[in-house]
Amino acid sequence: MLPDVQTLRPDIPVGLSRVGATGIKKLVKVDRGEGKRPVILISVFDVFVDLSPDRKGVNLSRNFEAIDEVLESLTAKPIRKIEELNLKIVDELLERHDYATKAEVQMGSELILIKKTPATKQRTQEVVKIFCKAVRSRNNQDKKIFVGVEVAGMTACPCAKELIKSRAAEKLRDSFTEEQIDKIFDTIPVAAHNQKGWAKIKIQVTEDFTPSIDDLIEIARNAMSYQLYEILKREDELVVIEEAHKNPRFVEDVVREMAKASVLKFRDAPDDIIVYFRHLSDESIHQHSVIAERTATLGELRNEIL
Amino acid sequence: MLPDVQTLRPDIPVGLSRVGATGIKKLVKVDRGEGKRPVILISVFDVFVDLSPDRKGVNLSRNFEAIDEVLESLTAKPIRKIEELNLKIVDELLERHDYATKAEVQMGSELILIKKTPATKQRTQEVVKIFCKAVRSRNNQDKKIFVGVEVAGMTACPCAKELIKSRAAEKLRDSFTEEQIDKIFDTIPVAAHNQKGWAKIKIQVTEDFTPSIDDLIEIARNAMSYQLYEILKREDELVVIEEAHKNPRFVEDVVREMAKASVLKFRDAPDDIIVYFRHLSDESIHQHSVIAERTATLGELRNEIL
Amino acid sequence: MLPDVQTLRPDIPVGLSRVGATGIKKLVKVDRGEGKRPVILISVFDVFVDLSPDRKGVNLSRNFEAIDEVLESLTAKPIRKIEELNLKIVDELLERHDYATKAEVQMGSELILIKKTPATKQRTQEVVKIFCKAVRSRNNQDKKIFVGVEVAGMTACPCAKELIKSRAAEKLRDSFTEEQIDKIFDTIPVAAHNQKGWAKIKIQVTEDFTPSIDDLIEIARNAMSYQLYEILKREDELVVIEEAHKNPRFVEDVVREMAKASVLKFRDAPDDIIVYFRHLSDESIHQHSVIAERTATLGELRNEIL
Amino acid sequence: MLPDVQTLRPDIPVGLSRVGATGIKKLVKVDRGEGKRPVILISVFDVFVDLSPDRKGVNLSRNFEAIDEVLESLTAKPIRKIEELNLKIVDELLERHDYATKAEVQMGSELILIKKTPATKQRTQEVVKIFCKAVRSRNNQDKKIFVGVEVAGMTACPCAKELIKSRAAEKLRDSFTEEQIDKIFDTIPVAAHNQKGWAKIKIQVTEDFTPSIDDLIEIARNAMSYQLYEILKREDELVVIEEAHKNPRFVEDVVREMAKASVLKFRDAPDDIIVYFRHLSDESIHQHSVIAERTATLGELRNEIL
């Protein structure tokens, strides 16, 4: 009989908040509903349980068995929502680690979407990050699930645009009337620095409120000055640049746009749903990146916006 | 006169939790006290302020000016502690962003230490990560400073060691007495899987409690099975392996060792000091990594340990 | 009619070795032959063509169209080998960039394999990197294709093992006979530092020589002291550690084992096939990593080994 | 006496191209000449030697001793050029590994430079990567040294600019004369996508030709549409955007600009000096990045350009 060191009492009777494994890669098949092809995701999981002061170690192989058990049960009945998948894993973790009072799982995937370019309607693709986090205590008092997305997009700088317009207007006044100048600026998208950035939303999910990943992607994508495409014919590139410069946005603006769109989209969601928005912009004129963030409940945002 | 777009009212009146810049690299010179050479650090800063719903954007260049101002003032009077440096930056941020109610700075550096190998006393080096985070609200009600370290080290697995001993003892019983077998195991370090890992401590700093970075490094280093060296002559390598296998430790053990050592070292610290411990082990027998964590106050840990 | 700037003459008439796009993610479905399930890969592509001194720019969207064209044609007739896929992309690139004399594609994927643990035969998984590189000039004079794999595994250090044995033998001699000591060392796996590493093979593919990815994975995996598993029950862990310590290997040994196994496996391959072997070991007793490499033709290796 | 396993004959008599250690971090102090402050660099070294088929392993600790020996000798007589430093390390490696016929070292550092913003002359900084690679065979027949830099900068897209101008001109023709339209475009910088990118130069160094790092940085910086600044006041931001849009550049253009500037700057360099240029642009309208490269001798470039 082999010794089982994990079950011994530890020398130092200190409890641990989280013990687990990170970076576990798995293939996950998500059913997208009737008429849609199922999605294959390469997902990375992190799984944790807590540990009491009187047990030396966690049986880590059970974490893998819990994930495998749930993923395999899916071949029979495919999962419709990643939050269901994660909640099942948390349940399975509590089942298998009977000494734990709390379990947690985080899952992240890259989703490859197909879309059309704005002018020539070329089929092209977009890679979007999706993620889920589920925490549950054995007594269910502490149960929280979040889903989220991170979408790459483009922002043009509102400040730069105004600086360029202001300086150009000054010079144009020598030769043109104010009316002509207005016409010129209505016609010509003036230069501004623009760059790639990543808009991120994380939102709480409950039994009664289950926002769709597609809606979250839509909100994140529309919050930036314009979206990205892998293929752009010249006609498309023209549209992308014109439209992005019509909608210049600071990182602050992107977060506020996501907050407003979420309030408008999720009208029926309870007031206490927690949301987190972030935009990170990899500035084209600086070496550093710029970030704006907001954490709030939907109720708080409703008060501010409506 | 150029337009100042940041000062406008935003279209969507939502406040922002944090707006700022990340990844700002600076050279920092830290005075280590009399008789010690000052340390040159390449530090990476992230700086943030909050933003009210009635202002479109933050003046980001002020973040850089705040850091530069503080770093330059140091040539006159060198800094003794990284927490002082970070607190000064936070003060400077609140000074320059008069519309902000809260400011935050995070700083991370790699520190190159010189040490001697255990047997042949070769001079060799160790790279340790140190970091600091300071948050302060304008009214001082919300003021928190943390310093921390992350040290690489080696752990040998206690479970693997016992498995090997148990199986070997079984076989040895055919030819040796129990007494001889005890002698054999006293003499031979038996195999176990062992691997590199990173022990991390983050601890709250107050006006009355300022733990030294050196003590934190010492606590993290000693919590693992053994420390790492860049140069190891054969005599040294022998010591490292023997000693590491005498002190096999799970990730759980490493966190508990740090908790205990902190309680013993910081006897005079207030009960409400917050500490965070983590050990991440890049398992040599698995593709994944394993993590254990504990967040607590020193008071809570004292209750559990003493 | 929109202007086409890429087709202009450049101001500076310098030719370019490679112009292209990197980091293009695509879903690829590879047919594994009768009776085997097709494999879904998330692949990352880099594609390049050369550019003459008299053309300002490359039409980059054609790179994406070339990949998409080839990937979509696969739904009709699934690909059997990643080298076929890459060669088709190169052909398509030369077709679409009529100004180019050379095209190149690189593709990398993570492959998730299922295997059984050594003792308890638990189903577990392994993530392996596979890659392919194809280069072709329009006149076919310069045509080279490589496929490769990178497999994680464990190495125990031969030097450390002998140091421990030597020191222990010295001490055991007080109480045991030489014969007894031999018996002891036959029975007990003694400690050595051991760690995760990555064995990599890249091998040239021709029309006449097409090594299978499965064989390459097998060669890489067996070259290290032992392989890794995500799930290990105690009985399995015991086998892993015992076996790894029976086969201690330096990075140098891992490369030599791969060289030998390739020579033995690919007996019918031409002498001029180019191979590259590398092992990178993330040392458990040092902060740095250690690497060994060999580039040669199979003919050269045959001369050295046979 | 401890066993020395590395010196044994290996089971498989295969020679190795390179064996060594990677990721060795060291503080390096470089003397910049009279009147300039010495520069402190945190440098990362990779060091390799070859290994014959009749020796099992390399003594890796000698790699560290070689670096340390050279770095410490510098306190007496500070180094003026990173190529000198690297060449000394290679010599020291050959000295210490008497079984090696070839040695190689690579070194990379981040250099923090101070510069002034274009309009308001604020002091700000720039982080530039510098690197060096030295290879030498014992018989000196194979001796090559390269130094290089990688500088971040901004590019605006020439194609996008022309697309926007072309479409806008069409619309302006309803209300303005051709002469007025010319005047408008002379005055207003029109929109184009613009982004951060990295221009890289690697150039061979010989006893007779030692280009300065400062010159390489200057060439890389000027090859892009404009340079980056950490601090930009509004007046500065205006200049950056105006100037970048006056100099729109493809990745292809950036490489060609570097080629031309190198030919003009290094007029006295021998024809057979090898140079490598690369520009990587992290496109603001795509998820992927775009790359252009050229490897050539200065002689070849002279033929193409002059």
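Observations, loosely collected:
Labels for the chains are A, B, C and D, by order of writing; each one numbers its residues from 1.
Convention: a contact is a pair of C-beta atoms (placed from the backbone, for glycine too) under 8 Å apart; a residue touches a chain by one contact, two chains touch by 3 or more.
This one's a predicted model, so the numbers in the text were calculated from it and none came from an experiment.
By residue number, over half of the touching pairs seen at A-C are also found at B-D, the match among B-D, A-D or B-C. Interface comparison, B-D versus C-D: the higher count of C-beta contacts falls to C-D. Note: centroid distance subunit B to subunit C, computed from Cα atoms, is 35 Å. Each chain gets a centre from the mean of its Cα atoms; for subunit C and subunit D, those two points are 28 Å apart. Computed from the mean C-alpha positions, the centre of subunit B lies at a distance of 32 Å from the centre of subunit D.
In subunit B, the residues touching two or more other chains are 2, 24, 127, 159, 163, 167, 230, 232, 234, 238, 286-288. Contact topology of the protein chains: fully connected, every pair of chains touching.
Taken together, the subunit B residues at the contact with subunit A in this complex read 2-3, 5-6, 10-24, 48, 51, 53, 56-58, 60, 158-159, 162-163, 166-167, 250-253, 255-257, 259-260, 280, 286-296, 301, 304-305. Here subunit A touches subunit C in the complex through residues 2, 4, 24-27, 40, 42, 61, 64-65, 68, 110, 112, 122-125, 127, 230-235, 238, going by the rule given at the top. Residues 126-127, 152, 154, 156, 159-160, 163-164, 167-168, 171-172, 175-176, 180, 183-184, 187-196, 228-230, 232, 234, 237-238, 240-242, 244-245, 282-288 of subunit B are the ones that touch subunit C when the two sit in their complex.
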